[in-house]
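Letters A, B, C, D and E name the chains as they come in the text, with residue numbers starting at 1 for each one.
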Amino acid sequence: PATPAGSPAAESGPVLASPGRPLAKPPVRKLAKDHGVDLARVPATGSRGEVTREDLLAYLDGAGGGGQAGAV
Amino acid sequence: MASPTHVGGGVNVDDLPHVDQPMIQMLTPEGKRVPGGEYERFAEDLDDEMLRLMYRDMTLSRRVDAEGTALQRQGQLGLWVPLLGQEAAQIGLGRATRPQDFIFPSYREHGLALTRGVPPETLLGIFRGVSHSGWDPQAHNLHPYAIVIGAQTLHAVGYAMGVQLDGDIATGDQDRDTATIACFGDGATSQGEVSEALTFAGTYNAPVLFFLQNNQWAISEPTTVQTKAPLHTRGVGFGVPGVRVDGNDVIATYAVARAGLDSIRAGNGPLLLEAYTYRMGAHTTADDPTKYRSDAETENWRAKDPIRRLRRYLLESEMADQEFFDGVDAEADELAAGL
Amino acid sequence: MAQLTMAKALNAGLRKAMESDPKVLLMGEDIGKLGGVFRITEGLQKDFGEQRVLDTPLSEAGIIGTGVGLSARGFRPVCEIQFDAFVYPAYNQIVTQVAKLHYRTLGHEKIPMVIRIPFGGGIGSPEHHSESPEAMFAHHAGLRVISPATPHDAYWMIQEAIADDDPVVFFEPKRRYWLKGEVDTERSGKDTYRATVLQEGSDVTLVTYGALVSTGLEVVKAAAEEGTSVELIDVRSISPLDVDTLAASVEKTGRLVVAHEAPTFLGLGAEIAARVTERCFYSLEAPVIRVGGYHTPYPPSRMEEAYLPDLDRIMDGIDRALAH
Amino acid sequence: MASPTHVGGGVNVDDLPHVDQPMIQMLTPEGKRVPGGEYERFAEDLDDEMLRLMYRDMTLSRRVDAEGTALQRQGQLGLWVPLLGQEAAQIGLGRATRPQDFIFPSYREHGLALTRGVPPETLLGIFRGVSHSGWDPQAHNLHPYAIVIGAQTLHAVGYAMGVQLDGDIATGDQDRDTATIACFGDGATSQGEVSEALTFAGTYNAPVLFFLQNNQWAISEPTTVQTKAPLHTRGVGFGVPGVRVDGNDVIATYAVARAGLDSIRAGNGPLLLEAYTYRMGAHTTADDPTKYRSDAETENWRAKDPIRRLRRYLLESEMADQEFFDGVDAEADELAAGL
Amino acid sequence: MAQLTMAKALNAGLRKAMESDPKVLLMGEDIGKLGGVFRITEGLQKDFGEQRVLDTPLSEAGIIGTGVGLSARGFRPVCEIQFDAFVYPAYNQIVTQVAKLHYRTLGHEKIPMVIRIPFGGGIGSPEHHSESPEAMFAHHAGLRVISPATPHDAYWMIQEAIADDDPVVFFEPKRRYWLKGEVDTERSGKDTYRATVLQEGSDVTLVTYGALVSTGLEVVKAAAEEGTSVELIDVRSISPLDVDTLAASVEKTGRLVVAHEAPTFLGLGAEIAARVTERCFYSLEAPVIRVGGYHTPYPPSRMEEAYLPDLDRIMDGIDRALAH
């Protein structure tokens, strides 16, 4: 399900990667968690409809510019 | 058998009146017909034709067996389990059964399977590795071969309990009254499940024949490793009486089995029949008996060959001629060629 | 509709099965006059006679092994094993014969046997009376392994097990024999070999069976008080395992806790964890958490409370799942 | 016992010469001392003191047993397994053993445990649920209680095989030659493992005494559910001779056990000793025997009470007086009070 | 250093153990004159006598049960079960007695027994001769369950098993009996109860044991040709399970494939998958993939190639792991 890429900055109007909960493999979930990112807001391009590591990194790139957005 | 001597008037296998009686024999190794006492009348059906049939059965069994070994050597079978030497025990029993009787075999019962109409190629399938068993048990009244030693004896007792519950004993109807047969070996007698089968048979007075082929060996172990008491006494303490027959004598085996089966079908309860015989070949084609037994022993038993003695008897009593024997051999060759 | 204990529901189910098929026999130790040590077969010998309710010699291998022969003769034996650990003498017959004869005979011979086993701890018994050996049977193909958790399921599942042409190992959660519940004797409403969602929830899935289903219901309440919404599933059928129902739930909740009394090491929880993780990998917010028996022998009864998973330990499992 | 009638001269339990002989008895239910034939000399050690000791042992056992039941009723024990009625069987055997002998009990052997110095509170721990067993088996030469029916009989045979390998039989050294005892019940005889124990004992001629307490019941099942043959004949077909003793007669049990143990230690191989007794109480405190047996039966056996008959004998033969009995009762009360 | 087959290595290990401790006894069917159906005990009865190498009656319960008594008497019995599925008649003794006596006696009685079981398929045998029942033992606390995969390990692990005061179920991968390899008879260099990394790699971890270790080595090569770096681990000890070694590898590679001949359903792979997933949840790039026997009875031998995991099926498992 291709979804229009939402700007990570746009706090409102989350776009779900799938109708249910966002899909992602555990390390990507971890990465999102570590960066304080709600996976539901990350556009998913994975073949299973999941948020891939690349999706998340792209989202983080967009979000933080310098990538320090979620640094804990 | 020298038995342990304990003080007092207890029960001891040596005190059993019949324990040391020689086994029942009606055809000597030399092919001489000797009277079978109380069992004689159970050999009445054994007219010329029947004896020739049993000769044929034994010969075909042996031929199929030889072919099994040959096919294994050629790599066509993964393994073969020879019945060599046990033809009389199996054909004697098989021909004493009635069609409605149900047999629970072990894994060496090729002769019995033949009497139950299982095609040899079906049997071979097991050893070819294409099936674990190949026939419909109900169609042949023959359960699948059982490899886990002794397990089938309980199945037989259960089946016999079912026969009893169905009322299919002691009706006097020859085509209805049913006996069940549990086949097992001397080695198997050590498995707890075999004793449990004796227990259930005793308790429920189940119409079952425990058919023990004592071929003297369990792979490399002689019967003395399994027991110090003669095996026909095994059931005594369970309330299952026992009889020992010369299992290389097809006439005696037939007669004693017939007597037992008739009695079982009449509702007289279980019986253990020890067919005293010899595994003339290897345990299986994977086995090397020279590792554990002497040539002298094997030679000694070869003199008791079950087929040769019947052949002699048939010849000498003129119940069969060379033409007959040639015919049987031809049939055997043909059977083997098709395998 | 009737209010029955699980013991009475089983008794009624057995009676029903015996009434509807004269080939159904009961076999076991002390099941006749005594009606079984848990009285599950009470009154059945009186009503159906000694030919249909057999007090057997004290030999589990004998019970199962003769049951195989009775099956071959067309009967449908329902064999009672007195307590869980006493099934082991019959293990050989069950796994090498009962499980395999259908396959061995190319489908010619069916073994429509039911092996009833009261299982699990919590009733203060001596050694060998409190075990949960279900995984030891489920590992073998050819056996169905099921366990009812409620009187209603007990009533219906025992009948379906008896009607099944395949052998069924039927685990009865003995400490729930006295649990009362509604039994609809008109209709089951359920498929014996499927799991049931007993309580819908959204935060975490709790999967269990047998005696711990009652505990699971308490967990649902206690968790709700703490603001956690638990989806409770009773697997009912251990083999075959209804992975679809479990996976659907986990895809929704993202978290799974499996609880059983059997040791976790190679217990059903391991299989569920492996399978669900494979199916729901991208949905899992947390690894599957297993709550079960420890890798020790079942302890003396004064210590069993510390051994058995209870409300606290399951709540703790849920917390561990939610901590991710 | 009417046995099945099959044709021919087979072996049958009824043909055993001693099978129907009454069991060995040396003290009648009325407390009368009768001669024990060949076993008489094995009662020689039973002087006044020894008989009083056995009376005391039996009384203490019964008192501990009653206390077990009471404590269970009070909720202090999860379960209790009464030995009520089997005191003579256990004390007779226990006192016939030598310290180096090793006993493998079942779960009802409280009297035997007493003779082996296991404190009653340790025993009670099992039923309290604080341990599965509480003692060091080597310290008492008593293995833990065994709950899985029959399993311990194989352990006993293995231990006996070890004794034999160690050369601790037939040396003539009274403090070295060692017998092993396998305890089991009438119900247990149906377990395959018990038959397997007989098999191994026979094969290895193991120095083991199979001590079978036939208390007529296995929970709700009478011995007739387990076997149609008398149980002292069970070992015959395994080469293990059998003896039946009045297990409610402590003198006979002592003498026959003594004879058997001496003989076993001397290297004469295994023996099965059936102590014919009665479970006067429930199977366990969880059991209700009124469901399956008659008061008449229990009454009948009450008349054969093992303790009462010894008490009568001691009184009438003036080997003990009221003071002695009072003393024993006081000791028993004290023992029970400490539990 | 010597080049030995696994069969000869086991024989040498047994001989060594018997030489160093006179209490070590061998027991089993046909192990004396014949030297066992696989000749593992060849020559030992001749050299140590019938009192130390016992041909027993044909009763597995008897072998193990008398072994318990011999243990109580101070012996160290090494019991041979002729083929895998023939262990079931002894299952009761093993799980209710052998496994539990140490605990039951509060540590007073040790059962230093070794139960040798040739296991697994691939040699064209009839029914019951090709099974992999290891999970059925590992589920029970009180038993150590181990399996050597090389002649070197066979030589040392059998000796360590015999020296161990706890009971050990020793699974011998029968189709590797004729596998030759270097045996360093001077030093083992390994701890029996730990897994070994046989090949380091970076893309995916492959865990297996027994006969499939050899297959695993082929997989490593074949995968390398395809550009995949496989880390191969032989668990060696099924219980206890050396999770640390597995977890360390998976934390590095992010992917795990477990292969064994036993059915996957409730096989060791389930436990490894559950445990490693719990430990390495956030390191896993893919769910743990299990490659194992199907949930069917072991087939007739002509079909066993289709049943047994082989190079192709394991490679496929690796592909499935890498596809995530």
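By our rule, a contact is a pair of C-beta atoms (placed from the backbone, for glycine too) under 8 Å apart; a residue touches a chain by one contact, two chains touch by 3 or more.
Note that the coordinates shown come from a computational prediction; the quantities given were computed from them, not determined experimentally.
**Student:** Using the contact definition stated above, find the chains touching both subunit B and subunit E.
**Tutor:** Chains touching both subunit B and subunit E: C, D.
**Student:** Among the remaining chains, which ones contact both subunit B and subunit D?
**Tutor:** Output, common partners of subunit B and subunit D: C, E.
**Student:** If I average the CA coordinates per chain, which chain comes out farthest from subunit D?
**Tutor:** Centre of mass proxy via C-alpha means gives A as farthest from subunit D.
**Student:** Please tell me the distance, in whole Å, between the geometric centres of subunit A and subunit C computed from their C-alpha atoms.
**Tutor:** 43
**Student:** At what distance in angstrom does the C-alpha mean of subunit D lie from that of subunit A?
**Tutor:** Computed value for the inter-centroid distance: 77 Å.
**Student:** Mind checking the centre-to-centre distance between subunit C and subunit D? Centres are C-alpha means, answer in whole Å.
**Tutor:** One centre to the other, that is 39 Å.
**Student:** Hunt down the residues of subunit E that sit against at least two other chains at once, touch-wise.
**Tutor:** 56-57, 59, 61-62, 85, 88-89, 92, 96, 100, 103-104, 127-128, 281, 284, 286, 324
**Student:** Pull out every residue in subunit B that's touching 2 or more other chains.
**Tutor:** 131-132, 148, 190-193, 196, 199, 203, 225-227
**Student:** Find every residue in subunit A that makes contact with two or more other chains and list them.
**Tutor:** Correct list: 25-26, 29.
**Student:** By the document's touch rule, what are all the touching chain pairs in this structure?
**Tutor:** Pairwise, the chains that meet the contact rule are A-C, A-E, B-C, B-D, B-E, C-D, C-E, D-E.
**Student:** Can you tell me which positions in subunit B touch subunit E when the two form their complex?
**Tutor:** Contact set of subunit B toward subunit E: 78-79, 107, 126-132, 147-149, 187-188, 190-193, 218-221, 225-227, 286-287, 291-292.
**Student:** Which bits of subunit A are touching subunit C when the two form their complex?
**Tutor:** 20-21, 23-26, 29, 46, 48-50
**Student:** In the complex formed with subunit C, which residues of subunit E make contact?
**Tutor:** For subunit E paired with subunit C, touching residues are 85, 88-89, 91-92, 95-96, 99-100, 103-104, 127-128, 135-136, 138-142, 239, 241, 262-263, 265-271, 273-275, 277-278, 281, 284, 286-290, 294-297, 324.
**Student:** Sort out for me which residues of subunit E touch subunit D in the complex.
**Tutor:** Residues of subunit E touching subunit D: 25, 51, 56-57, 59, 61-62, 64-75, 92-93, 96-97, 100-101, 103-106, 108-109.
**Student:** Which residues of subunit C touch subunit A once you look at their complex with the stated criterion?
**Tutor:** 251-252, 254, 281-285, 287
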